[in-house]
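One structure is given here, and the rest of the page talks about it.
Chain IDs A, B, C and D follow the sequence of writing; residue 1 opens each chain.
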Amino acid sequence: MPQKSMRQALNEALQHEMRRDSKVILLGEDVAGGAGCEGEDDAYGGVLGVTKGLVGEFGRARVIDTPISESAIMGAAAGAALAGLRPVADLMFVDFLGVCFDQIFNQAAKFRYMFGGKAVTPMVMRAMIGGGFRAGGQHSQTLHPMFTMVPGLKVVMPSSPYDAKGLLIQAIRDDDPVIFLEHKAMYDMMGEVPDEAYVIPFGEANFTREGKDVTVVALSLMVDRANQAADLLKKEGISVEVVDPRTTSPLDLDSILESVEKTGRLVVVDESPPRCSLAADIAAQVAEHGFDDLNAPIITVTCPHTPSPFSPALEDLYMPSVDRIADAIRKVAKK
Amino acid sequence: MQLSRDTLLKAYRLMRTIRSFEERVFAEFERGNIPGFVHLYSGQEASAVGVCMNLTDADKIGSTHRGHGHCIAKGVDVRGMMHEIYGKQDGLCGGKGGSMHIADLDKGMIGANAIVGGAPPLAVGAALAIKTRGEDSVSVSFTGDGGSNQGTVFEAMNLAVVLKLPVIFIYENNGFGEGTGHDYAVGSRDIAGRAAGFGMPANRVDGRDFFAVHQAVKEAVDRARAGHGPSVVETVAKRFGGHFVGDAMAYRTAEERERTIRDDDPLKIFRKKVTDAQLLTDEQLDALDQEVAQLIDESARSAGEAAFPTLADLETDVYVDY
Amino acid sequence: MPQKSMRQALNEALQHEMRRDSKVILLGEDVAGGAGCEGEDDAYGGVLGVTKGLVGEFGRARVIDTPISESAIMGAAAGAALAGLRPVADLMFVDFLGVCFDQIFNQAAKFRYMFGGKAVTPMVMRAMIGGGFRAGGQHSQTLHPMFTMVPGLKVVMPSSPYDAKGLLIQAIRDDDPVIFLEHKAMYDMMGEVPDEAYVIPFGEANFTREGKDVTVVALSLMVDRANQAADLLKKEGISVEVVDPRTTSPLDLDSILESVEKTGRLVVVDESPPRCSLAADIAAQVAEHGFDDLNAPIITVTCPHTPSPFSPALEDLYMPSVDRIADAIRKVAKK
Amino acid sequence: MQLSRDTLLKAYRLMRTIRSFEERVFAEFERGNIPGFVHLYSGQEASAVGVCMNLTDADKIGSTHRGHGHCIAKGVDVRGMMHEIYGKQDGLCGGKGGSMHIADLDKGMIGANAIVGGAPPLAVGAALAIKTRGEDSVSVSFTGDGGSNQGTVFEAMNLAVVLKLPVIFIYENNGFGEGTGHDYAVGSRDIAGRAAGFGMPANRVDGRDFFAVHQAVKEAVDRARAGHGPSVVETVAKRFGGHFVGDAMAYRTAEERERTIRDDDPLKIFRKKVTDAQLLTDEQLDALDQEVAQLIDESARSAGEAAFPTLADLETDVYVDY
């Protein structure tokens, strides 16, 4: 299978679906770039190049540069979805949700319920998440818990180029509003990605490591770190199972419970401050539904309860590291 | 432009339906038969009807918390609305939405909205869908004088101009946002006047006068259908009642309210015009009043008797598939 | 001690602090009411009357009616706080956070950290939360988890008129941004409230029932329901301890752990959908730090993963009820 | 109005300091010594300096992601800024903020802001504090052409007019928002032109010309200090570089950039004016260039050598008390 970057995998997913379905449009700031400028069209293709080339094939009528007006962007996507399109709206950095959250959590997410099941709102909101870019407090957050807690939204956090393509195609074909969160530190990550279109269903966890002593749940960039920790600990004779739920809503709790039934030990890794985090959410569900299988406390490995620091020296300490994950696993494995 | 007798009859029927609907909702709320917050449209009927009689089911409207009038003017089933407002299982939204969330997508009514400024971006999105498909439909957003100060509304106007979308932004200036006067909350004291700064034509009209609203909106709709982009219409007509049913209205004087109800009634104004011009007779209009009274009466009675939703309904309709 | 409604208790707290400190101002939509109208000033005093009378004493320069522009309101409060005032900004319904969240979670909450500890932002954001008013999907949420997860914010959820007054005075005197969440179904709740000013420190839980079999954690309106469940179960011979943390951030975890050490059983009640909820947050912290004390699964009693329904018939089923709380307690008590 | 020689020397020194600072940051970023995203201000120096030379430390400014120039013009310590941008422990924000979050409250600089449209509501709040205390200071918000379309900015303008606050809204039109042209994103193609619709006076000036900016802003500041409320000034001057360091700038032509850098340099324009008018000599200005070069050089060197923050710093400065 050909090796591709996650950036290319995402770009292919968008291209496939835009070819397949004329109802699919892209909108956002500089999704093409160059509007109203003397230079080239397609000057950006998204700030980090994910939509590069699409305006060339599909034109500005379907790859729509917008003003810096995120409420209008998300509202336009939601309204267009209600009216029959399948818009993919680009928020750029997820940190910007604060200027447009109403259109997502009170509007798009709630239409179907408030309107008695008559509304269908097939929109996708793409956004970049996560640390490692030294981008500071307002450009480094993940914020996936804020979407996960909202009934009516589906939330996707791919951990590999392969998953990214299959999950994005599913997101676009999905009839519910989907929040698609791409870790900005993963765009250059390489992996095997088929050229053709394929879908990965939501709510189906992926076991990236099989093991019997400790279950580690992680998503997005944290899956790779969990895998590294697992490989490290194998040498110490600790057998770690890594479960990647892929989507936080719906969440494949059954797979997590199955694994914990086998291992009796759970570590949840989450690139997020700890309070009301996804780590807490998963830990709580296991503490309620898998309690009798647990032989040790559930340990969560998260960022501290602070904003994201700018300095590389601090940000490296801020994000869950392979070492911190390994230490947590050792701690419960000993119990 | 001359309007046909049928058009005039339809306009009056719709305005009367709104008025009677609201009067009945008020009464039933007072009796404790209707829960929640209800915001009545009485006094503004000519705005909703003057706007929507330029539209077909293919055209979209996005509404506000004060949406009953917009729904009725757009042709939403009155009985289904009443059942919804009562919170009944066979209400238009299964009892899950209520007064502030009535929608009927088949009628192009994409939703009342309990978030002030919530609808304009959505209406812009509906217009984007229309333009993308190359249709000649239009999209209309209703916003109040108070809501005209919400950032989402300004963004929606700018985006509509940038993408040259078939949207009409209706600003219903009914004098107040809750208990705050429009001249206080709108720093420029001129809502329509903002449109020029956003690159759109605008028109301020007497919101009590169906004919004035209908004509101004017709021009805006024609313009949008022809692909010339968005525009703004401000309709000025005070609400008769409070912000919501139960509002003590201390911010209004008794005199001002009496004056408004006496002199600014869109139905009276309409009736006088069409009878003076001998386009319609009082008999015709009285007959419509009767019909409408029966419809509303029947709707309220059946709403009172209808069944409430049950536990089985609580967790349905969240996702298409989860 | 005089009996007062929570509405009056809150009003007194604001009055005390405005008399005490000229830097305290109120701003929001209709906090006075009547601006630019022919009728009375002070026509509203807040939509549910909490600030009634204050404009009469302190004038429009300190009780400021605003346009419907929540981002400007919250930003103005944050900016005024940075510049030395102690603004109390009224969001009205917490559901409106979606149109102004950036000013709260990216601005006010992060100034101090991003500016290296030099900024002080003593603002209070008041908002109404919760169900029971048949107000539908966009006027019935609690959303406290969205604030609790944000580093830099403090989050207060009073459960009685007495607590409301003492906590609001503390919130106004506090030097950090405070989110003060008032349950709209509690404004008419009566209780003993001293006439003079007093403060209740943040992060100190209140034990509203002493018991030895099961620990129940609840906040805001849920405390009363938890107490009712406790009284009910006493007759069945189950001794329930009810812990009200009063503030979700900071959270008095020690008191919760102490109680669980004694009872070995935990039920967390939260008027919120379940995912990434405060219930999950507390359950997870106990599953990590109090695991060895637990004799039964931790049960969370929350709303379902749906928006708030309008119909009274549905809303009563939606909110955690005394019965559902009691059932959860029985379930763990038997274990 | 005649400006004193000292004022002119100060203006030039500040503009040169900004230019040299940005050139050095660019070079050090390319060398890998500076992490994160940096947005350079080169080409717009006359805007920040023309604005801020009307202000004292008691006056507040709220800035953007492109804030280095605003900080320097407002008197923020250049060395502390450089250390911060390097992410060092003794940086102005202890290394926790970085290029997009530099603030210096003692200097009235209430923060760069990485959220487009984040600052205007905050600047309005600072103005509210000023008015509440009855001071005669003013507050200034900087926003770009792209940011002028953000809802928060419109809300801030309206609220400032409603409360008649001493705010000046500066719109720095540098031609682009990322890779999108201002004429595309601003539907009306006229940022200053929006002010009238919000009930404020506005003035568009040549942002390359210190004198034009300084004069226009002086009038706005005088007006605000006198209690006559807010106003808008749009300064037009293209940025020399990309949106951020690393931007390929495909949306610009090489010719256009060369032309801009050659003909639109605020420092060259200033130098020519003051020397032609024989207010200052080239020798005086060259001497300043030298001084500034040393200052920047020293700052970068010490920044490179300074220590990074440590684990002990990670969780401090979140709350005053928790």
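Remarks
One rule holds in what follows: contacts are C-beta pairs under 8 Å (C-beta built on N, C-alpha and C of every residue); 3 or more make two chains touch, one makes a residue touch a chain.
A quick note: this is a predicted structure, and the numbers were derived from the prediction, not measured.
Across the assembly, the mean Cα position most removed from that of chain B is the one of D.
Between the CA-based centres of chain A and chain C the separation comes to 31 Å, rounded to the whole angstrom.
Taking each chain's centre as the mean of its C-alpha atoms, chain A lies 39 Å from chain B.
Between chain B and chain D the centroid-to-centroid distance comes to 45 Å (mean Cα coordinates, whole Å). One inter-chain figure worth recording: chain A and chain D are separated by 35 Å, centre to centre, where each centre is the mean of the chain's CA atoms.
Each of the following residues of chain D touches two or more other chains: 91, 93, 95-97, 101, 113, 115, 118, 149-152, 155, 158-159, 162, 184-187, 318.
Annotation for chain A: residues 66-67, 69, 71-72, 95-96, 98-99, 102-103, 106, 113-114, 136-138, 151-152, 304-307, 309-310 touch two or more other chains. Taken as a graph of touching chains, this assembly is fully connected, with contact between every pair of chains.
Contact residues on chain C toward chain B in their complex (touch as defined above): 29-30, 33-40, 42-44, 47, 65-72, 95-96, 98-99, 133-139, 304-307, 309-314, 317-318. Chain A meets chain B in the complex at residues 25, 27, 61-62, 64, 66-67, 69, 71-85, 87, 102-103, 106-107, 111-120, 151-152, 154, 174-176, 203, 250. Listed in rising order, the residues of chain D touching chain A in the complex are 35-37, 87-89, 91, 93, 95-101, 113-118, 146-147, 149-152, 176-187, 248-253, 256, 308-311, 313-315, 318. Put simply, chain D touches chain B in their complex at residues 149-155, 157-162, 184-190, 193-200.
Chain contact summary for the complex, chain A toward chain C: residues 71, 95-106, 109-110, 113-114, 136-138, 145-146, 148-152, 249, 251, 272-273, 275-281, 283-289, 291-292, 294, 296-300, 304-307, 309-310.
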